[in-house]
Structures are given as structure tokens and as C-alpha cells.
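Here chain A shows up in two complexes: once beside chain B, once beside chain C.
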Partner chain A sequence: MKKDPTEIAVSIKDLTVAFDKKPVLWDIDLDIPKGALTAIVGPNGAGKSTLLKAALTIIKPTAGRVDIFGQPIKRQLSQIAYIPQRNSVDWDFPTNVLDVVLMGTYGDLGWIKRPGKKEKNRALNVLEKVGMETFYDRQISQLSGGQQQRIFLARALVQNAAIYIMDEPFVGVDAVTEKAIVTLLKELRDQQKTVIVVHHDLQTIDEYFDWVFLLNVRQIAFGKVKNTLNEENLRLTYGGRHSFITAHP
Partner chain B sequence: MTLVIDYPVIISLIGAILIGLTSGIISCYSVLKEQSLLGDAIAHAALPGLCIAFLLTLNKSPMVLLMGAMSAGLIGTLFITAIIQKSILKEDTALGVILSVFFGFGTLLLTMIQKIPTARQSGLEEYLFGNAASILKSDITIMSILAILIVGSTLLFWKEFKCLIFDPDFFQTQGFSPRKANFILIILTVISIIIGLQSVGVILMSAMIIAPATAARLWQKKLGAMMILSIIFATTSGIAGVLLSSAVYRLPTGPTIVTVISLIVIISLIFSPQGLLRQWIRKKINQRAIRLDSILSNLYTLAKTHDDLTHPHDINTFNVLGEIPPLYLLQKLESDGFIYNHKNNEWGLTNVGISKAIQVLQRVH
Partner chain C sequence: MSPIIEIILIGCLVATTAAIPGCFLILRKMAMMSDAISHSVLLGIVLMFFAIKTLHSPLLIIAATITGLVTVVFTEALISSKKMKKDAAIGFIFPLFFALAIILITQYASNIHLDQDTVILGEIAFAPFNRMVWGSIDYGPIAMWVMGIIGLINALFIGCFYKELKIATFDPALASSLGLAPSRLHYGLMACVCMTCVGAFDSVGTILIVALIVTPPATAYLLTRKLSTMILLSIIIGCLCSVLGTILALAIDGSIAGAMCTVAGTLFLLSFLFSPNHGIIHKFYTQKQQKIQFSAILLTIQFLNHQGEDSFEFSIENLIDHMRWSEPFAQKIISYALAKNYIKRNKKAYELTPYGIEVAKNAMASS
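For the complex of A and B:
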């Protein structure tokens, strides 16, 4: 891995998160390279979502720091687009698709200023990119799981950020949407964007991602998928249970 | 029952409109944040504040009393937040504890005040159930200023409040502070409750924070439209409550307002697009469609053993297959041209009915 700091998109140092003295994440050191697709993988309760949230300052870490392109995260939030788990919001909220996508422009607008024509056009553009342009005035409660995920993706794309952080984007979406999302992520990568995804399907890691971070409270391994995703590392991550869930060599 | 629209009634009506406006707005945020019980706790927590403000100043002007109520409401909210954050107790427990402790203490103070000879006429007990007639012109001035504050903040922070409630984590990653936005929202909630205390009273004020948006949400699909309807519902019940309570001797305003808004909620629950009546009708229509389909598929199954698929069968054979269909369903299918009546109880599929039955069977399997 190159050591040039401009080539590292996200740098996590000594990150520890504990709830009531119970560590959820323990001393994570991680340098995620720019312009690559990185998967974060580990069993339930491994701290994957917590790692994302701590890196995004949503959760205050007990210790450690996060730098984005060599700068403290606090000043770099606009570089990051976050796509939370689909079920983390109430889809019965009284709003429509365009309104949700427009939320991705709020960071640029800052307090008080409302989105205008320019922002609406940006939002409609990204809706087209995720194949949802005809749904712009649809009530969000009427969307399927796959459509909800596309809307979340559109809300992130409209930010035009350098780094995309996604929490389990493929949960409960149909195969067509999954393929469409992967294609989009690869396009982002090819535009030198950095994509970080919490992923749980070991079968598809090597098809979808370039780098993989194996995590189970402590960091197990990080590297290129082909060097890192091996029997030994998976056993360390999942204990004895991984043989049930993967046929990966 | 006599209704005289005189000057005091007009003052009360203006008060009711201001309450409707503010609680209609705040109600939307409370209901969508699933924090409607916070309003209940804040309103109850205001009582000791009212009493202490009176005891300290021996002044019964609403301005002084409401300042006390507001401080107590804020302190109550602070305790609730602290309990949730610092202890292992959950939100409902924290709300329950603060509500009962503050309200219990408030009732105690109120009883004590009643025993002070000079304070007997303080009118403090009217804050329990509210009395719109006690609103003076000077109170309207204060209420208007507070209402402008709430409407103005809602317009200014429209997108912030919406994003905060829909997805607080995302709101944070957009560089906003959910803590700040939440704090503003809670202050506005406390203010809107204080505005209503004189007319609606501490015990029932929470209904004005819960009911208007609950009803409006059943009719409207966008936040803006929902909020306008919520304001209309709240204002309507406020006006109705004031008029009724000024027409009927000793009818307290608060319970009257709350009864009207509750009726609006019940009507909405039944008749709105999401309501129970529509659901029931939809269910009945579905059931009927399923029964019609099953008659066709059963006739088809019976006819399959014959060369001629239109071969009629005695409808009592259906006993074996489930239920014997009632005549009106058979007549419906006959008029649609799917089946024909051979004689008496014998019915068979028409050619159109056969292809329809095949469709039904393909859909099921």
C-alpha cells in the first residue's frame, strides 16, 4: 500500500468505542485507499455500523481520531456521503422522493437557506442515474425495498462527495437493484471516488470489491481482497462458524 | 344556553386561534418524532412552576405565572433528557417519573395556596382545566409574540426540522448539529404548551400536542399540507371549545376543546383514506373477489373430468370443496357472463368463464 497521505481517503487511528465500559470497537487502525471499493466485513455485533458511525462523528468515540484526506473529519464532512441502513428511518414519514433526495443538498445550503431550482435539477439528475426519475413525486411509503435503497443512493450522489459510506445497502433489495447499485459503485470508483461498504455476503465480496477489512471488535485483517479473504482470516473473524456461511476457498 | 359574542368572548376566540396555530404546528413535530408524551410531561411539569411563581410574587398576572410555568416545563424537560442519557431508565419511565413527581408537587402547592386567605381568589386552580374567559387583552399580546416566534422558527428551520426528524444521523453528516436543532424544537414545544395553559389547562394540554397532527396525518401525505390541516383542526376545536364554554354556564374550556379535537381524531380514524372504513371496505371487496374466483375454479375442477368443460354441476357438490356459494354471487357471475344456469341448482362455466378460471388457477399456482 502506498504511504502517500493524499492517496489515503480515510485514515482511522487508535479508534476505540465503548458503551458502558464494554468495547464495541477496540483500537482500530485503518488506512482506506482513495479510488477503491472497500468492504467492511464481520459477524453480527462486530462493530461494523459503529465503525461507520464513529468515523462520521455520529457516535463519539472513546478514543482515537479519523482523518479525511489528511484533515480532521470535523472539517471534511462535506467530502463524505453517508447512506445509512434502509430500516434506520421511518418510511411512513409524510414526504416524497424528491424531498428525500434534496436532503443531500442541505449540507451545501447550510442553516436556514432552502433548496431552489438549481438543487431540484441536481436531484432530478441523480434520480435519473438510479433509474427513479419517474418516481420523483411518489410518496416514500409506497416504495419497495429496492426503490428505497435507490433513493438513499440518489440522496448521497446529489452531494457529489469524494467518499461514499454505505451501511448494508444490499439488505432486502432484489437482485436487479443489487446489480444496478454495484454497477453504480464501480462507476464511482472509476471516477476516483472512494466507496466504503458494510457488507455481509461473503460470496460476493470478491466480485464486488477491491479491498476488504475484516472486523470483529478488533481488526482482523485489511488488504486486497485476493490476498486477504482466506480461510485463516475468515476463521479468525467468524470463529468456527464461517464454514456454515461460506464456500469461499 | 345563550351565546353572546361580546368583547371578552372575542378576546378568548383570538386566544383560541393562536393556540390552534401554535399547537397545530408543534403537534406535527411531536407526533412525527414519536415524542407526543413529552408534551404531556411538560404540561404537567408546568403546574409547580405556576404555583411557585405565585408564591414568590403573590402576583396572579398570567405573564408572571406563565414565566414560572415555562421555567418548570424546561427544568422538567432537562430532567427527562438527563434521566434518559445518564441512567439505564427508558424514555417512558423518565416521562412518567417527571410527570408524576412535578404534578404531584404542583397539586400539593396548589392546595397550600388555597389555604392562604389572601390567595383564595388567585384563580390558580383554573389552570388545571383551563378557562378561556380568564384571558385578557394583555395576555393576547404575549401570546401573539410567542406565536410569531413559533411560526417564524418553523418557516426558518423548515428543512432542518424535517431532516432532523426523518433521519437524524444523516442530518449530522450534512454538518448540522442535531443537538442544536432538537434544542430549538423543544423550546418551541414548551412555548406552545405555555400558550395553551390558560385556555386548555395543564391536565389536557397534551391532547392539543397529540391530536391535531394525529388526525391530519391520516388525510395528508406531505408535511406542509399535513401541518396546515393540523392547524385547521386545532383552531376549529379551539374556537368550538371557546364558543361552547362561553354559552354553557360553568362548562370548562379545556375539556370542551379536547372533546372536539378528539371527535375530529375519531372521525379521521374512521373516514380518512387510511381509515378503518376504507380498510374494511377494501377487505370486503377482496373477500368477495376471492369467493367469486373460487367458484369459477371449483366449477372448472369439477368440469375437468368431462370432455365438455361447460358441463354443469349441482351447486351442492361444492359442499365437498369448501362452501356452497350463495345465490347472489352466482347471479353476479352469471350477469358477468362467466357462468350459466342449466336448471335449478345446476351451474356450468361459459367459454369466457373457462378462460377466466384458467387465469385464476394460474395466478394461484
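For the complex of A and C:
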């Protein structure tokens, strides 16, 4: 069955990443559909973050190609908003909330040009969407984990991208913020945006996501959550240890 | 211009030039890279000197900048090979380059101006003797021109790529996903540091320039939480070091560069102690205040829970006996609670005011 390329947001072909001779990702083939919420799931060291970073050309893959809407990734970077793990940055950096959100506009601005009034208004707008508008001049060192995640989300929203790629957005975030973020992600999906999330909690996949990619260095399975998230696939992914994590049938 | 004024001006230029890239080095947690660069540029200077036989050529700066960058590349290659930790890699490469340079100087250039002492300490006091003369007009000391031009390049680089450097420092992954090449910016910044080290080499030497790259930005970091203010403050602090340092050196008849760096260290210590938001004293004071505040609230809760009981529960003896507070501490909390109108005196004991009851109830409800 030939798939319609315009319905595929991210197409990964034969992607392998190795550090010294050790493969971290083995020959991944993946077609992530447009306008859906996709979870990437696997145990620690399965290569989830590496998959995202290689797909975004932040690290150089040993082999493989990535296409965005049928075009090579290099020319499509502006279509993607990437949200790294929260602890990947130094929150003591001397800057405030508005400034961090403004960083999302730097891609559109290109080199040298500085953000102006238009960009500031866009940033304030998205801060309102994530419920952080009153925090705009707050030092980022004073934010809680949940607030930091909202700021990162706002920074991605301001990019106004077609594809949102998030690395473990729910780590260290309280339940209220988690629900708020999920609501926003579902809104994005309803606007035909593509959302890809590295996710840890097997219990909530059902509730949050449409598609799921199970990964443990090699690809285990990919498909609609209800067809894919079964005992057999989880055993292959987690090697039987998942029964400690979830009581999923 | 009098030589003293010229020395102060050169010092200000060195400090400004060093502070600008220094801010980003601090925030990237790679301050020690400036130490590595400032030492290894010597190799470039020596090699170029052998090639062109003069110490007064821009080619020296270019050669030195290249050796500085080579140091950075080698050091980073060693780190990413995972065979060596970051500090060890820095400590391995630059002394090697520096040692090579020292051997070359002592073997083949011992009769010229390039001797170890000048290299390590520099001598800003001699800078006014070396003058830029064209035709018969004296344009001032060469060092002033050299530092001025390098400072301008640094300011232009950071001014043009301010937003790019900010994002590449704060979140390199995002920068690269937005197509804002963080590694190119990284080497640009390193080139700025290299040029700064070469330029400053004559006036303050290889060790003290590190103090000027690291200390004023580190001081500014304690005083502000805004990047642009941090850069501005570190320039002001750097210039302050130059002025006060020169005055100090004249007063004690000592090394000017040494005095400048001593002032820099002192200013850092002062802001470490007294910074309004991050200083140790402020932290100590707020912690103490918080402890007293918390204990006073604890006192209201204790009183509330024992209301209507024996009057011993409301005496200072009870605080000492049951709550295991020391007598002076108990006294302090009682007087704080009295001042805050949480409690009032009732003959020998104390009792809660209506406000104190409210405070205790609120505290219990919110926890």
C-alpha cells in the first residue's frame, strides 16, 4: 500500500546512530502521520532522545535520511518546533520569561535582526495561552518545574510551526500542568498540527495519544495506540520489566 | 597625555575588551578555556616572530589567534573522545603549547624582548614608551590602538550576534534546530577570546588577562539577572579595576597589572558578600529572618492548640522546656511575636491576640 506523502509529516528512513562502534539506534524506518499525537516510548537508553536529535540534525546520524512533508529536513527546519528536556538548560541564566519565549522567534528573524514589537506581542499572546502572562518579567531562576515547562511550550508555540517535537515534557511537572499541556497539545492536533512526544508513563498513553512508536534501540512497533500497545509489544520493548511499571493488559 | 592617564586608558581598554567575551565564557561554564588560550597564544607569537623577525606586525596577532583556536579544537577533541575529562584536557594541551614556546624562546630568542617574565606578567607601565608615530605626529601608545581595535571587533561581534550568542549559550539544541549554527558562533567567540589574549599579552601578560576575562563578568553575574546589564556592568567593573588598580600601584609602588587584578578580586569578594540578591550576607540575613518568622508562627500554633490549658503552656519556661528552644532564642521569638502583635502579655504568661489566632489558623490551613 503506497501512502500519500502529503499525509506524512515526518518520514525517517534507515536511520542509524552509533557512538564509537556502539549503535544507539538501529535502522529506524518510521512514517509519522500529519495531524496526530504520536508518543515515542521505550526504556531508559532506548535512544528516544537520540532519535529526536538525529531527526532534527542536532546530532549527525551514521546513516539514514529524514524528510519533512516529503522534503529533506535541511530546508524544512522552520516547520519544526523542538522542545528539549527541561533540565537541558541552565535555569540560572540571567534572563526573564518573555526573553526565553522570544527565542522562539529567532528562527523567523534569521541572523542579526533583533526581535521588535511585533515579536513581543506574539510572545505575550502565547504566554496567555499557557497561562503565564502575568509572569512575563519574572526571572527564569524563580520558576517552578511546571512553570518552566509552560515557558518551553510557549516558546515552541510562538514558532508557529507545523510539527511540535517534545522531549519528556511531563517530567517533574504537577498533575494540573500535565493536564493543561495535554489540552494544548490536543488543540494543536485539532488544528492539523503534528505533535511528537517522548513519553515515559505507559498508563497515560491511551488517554493522551493517537499513535505510538515503541523503541528499544531497534524499532519494536508503530501504529494506532489501540492496536499497538499490547502485552506482546511491551514485552519486546521492556523485556518483561514493564509489569512493574504498568498493569496494562 | 600624561603616561599615567595613558596607562589607565590602556587598562580600561584591556578590561573592556576582556569583559565582553568573558560574560559569555562564564555563562557557558568555560572560563578556564581563557586560561588555556592566553597561554598557548604565545606559541603562535614565537613561531611568527621566527618567520618575520619582528614583534610589531598584525601577523603576530593572526598567528596567535590561530594557535589559540587550535588549542580549543584539540582540547574539545580530547574531551569528546571521552578518554579525558574536561579539566584534564584543558590542563594537558595548553601547558604543552606554552612549554614549547618557552623552550623556543630560551633556545633561540634569549636576547630579545620576548623573555619569560614579560610573557607571564606583562608590563603595562612600559606601554606608553611604545608609540605610534607616523611622519612626525605622535598618535599615542601602540597598545592603545591595538586594544582599541580588538575591543571594537569584540564589541561588533557580540553586538551583531547578541541574540544568536544568547540562544546558543542558553539552549544550544534549540539554536541548532532553528538553524542558528551554534558551533560557528562558538568558534567566533573563541576567536574573540584569542585576539583579546594576544592584544593584552604585552600589557598584562598571560596570567593576569585571565583575571580580567573571568572576574569582572563573574562579579556582574552576582549583581544582575539580565544579560545586557551583566555585560555593561562587567565593563564598568573592569574599568574600575583599571583606575583603582593604577592608583593602588602608584601608592604602593608595585606592579600595575597585579594591582588591577587585586582590585578585581576585591570587588568580586565585596559583591559576593554584599550583593543585594545573591550575596552571602543577604542570604544569611533572610535565612535568619525566615527562621524567626517561622518560629513565631509555630508559637501561635502551639498556643492555639493548648488554649484553655494550664498557664505554664503559655510561659517562656514552657518554650524552653517543651519546645527545647534556648532561652535567648525563646526571648527573641517572644519579642518578635509581641512586636508583630501575635501575642500579648497576660500577667506572668502570654496569650494570643485575635490576630495571632488568625495567623495560626491560616498557617495550619495552608500546610
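The definition used in the following text is that the second predicted complex is superposed on the first by the 247 of 249 C-alpha atoms of A that agree within 3 Å, B and C clash if a C-alpha of one lies under 4 Å from a C-alpha of the other, contacts with A are read in each partner's own complex, and residues count from 1 in each chain.
As a convention for this text, a residue touches a chain if its C-beta (ideal position, glycine included) is under 8 Å from a C-beta of that chain, and two chains touch if they have at least 3 such contacts.
Here the structure is a predicted model, which is why all the values come from computation and not from measurement.
J.: Could you tell me whether chain B and chain C fit or clash when both sit on chain A in the superposition?
T.: On the superposed model, which is not a single observed complex, chain B and chain C clash.
J.: First (chain B), second (chain C), both or neither: which does A:V101 touch?
T.: Neither partner.
J.: Return first, second, both or neither, reflecting whether A:A154 touches chain B, chain C, both chains, or no partner chain.
T.: A:A154 contacts neither chain B nor chain C.
J.: Contacts for A:A162 in the overlay, against chain B (first) and chain C (second): which applies, first, second, both or neither?
T.: In the superposition, A:A162 touches no partner, neither chain B nor chain C.
J.: For A:R114, decide between first (touching chain B), second (touching chain C), both and neither.
T.: both
J.: First (chain B), second (chain C), both or neither: which does A:Y82 touch?
T.: both
J.: May I ask you to decide whether A:L56 touches chain B, chain C, both, or neither, giving the answer as first, second, both or neither?
T.: After superposition on chain A, A:L56 lies in contact with both partners, chain B and chain C.
J.: Chain A residues touched by both chain B and chain C?
T.: The overlap between the chain B and chain C interfaces on chain A comprises residues 53, 56-58, 77-78, 80, 82, 84, 88-90, 93-96, 100, 103, 106-107, 109, 111-112, 114-115, 139, 141, 155.
J.: For a test of understanding, state which residues of chain B touch chain A in their complex under the given definition.
T.: Contact set of chain B toward chain A: 32, 156-160, 162-163, 165-167, 169-176, 217, 220-223, 226.
J.: Note which residues of chain A are touching chain B in the complex, please.
T.: For chain A paired with chain B, touching residues are 53, 56-58, 77-78, 80-82, 84, 88-90, 93-96, 99-100, 103-104, 106-107, 109-112, 114-115, 139, 141, 155.
J.: Under the definition above, what is the set of chain C residues touching chain A in their complex?
T.: Interface residues on chain C, with respect to chain A: 27, 29, 160-164, 166-167, 169-171, 173-180, 221, 224-227, 229-230.
J.: Going by the contact rule at the top, pick out the chain A residues touching chain C in the complex.
T.: For this pair, the touching residues of chain A are 53, 56-58, 77-78, 80, 82, 84, 88-90, 93-96, 100, 103, 106-107, 109, 111-112, 114-115, 139, 141, 155.
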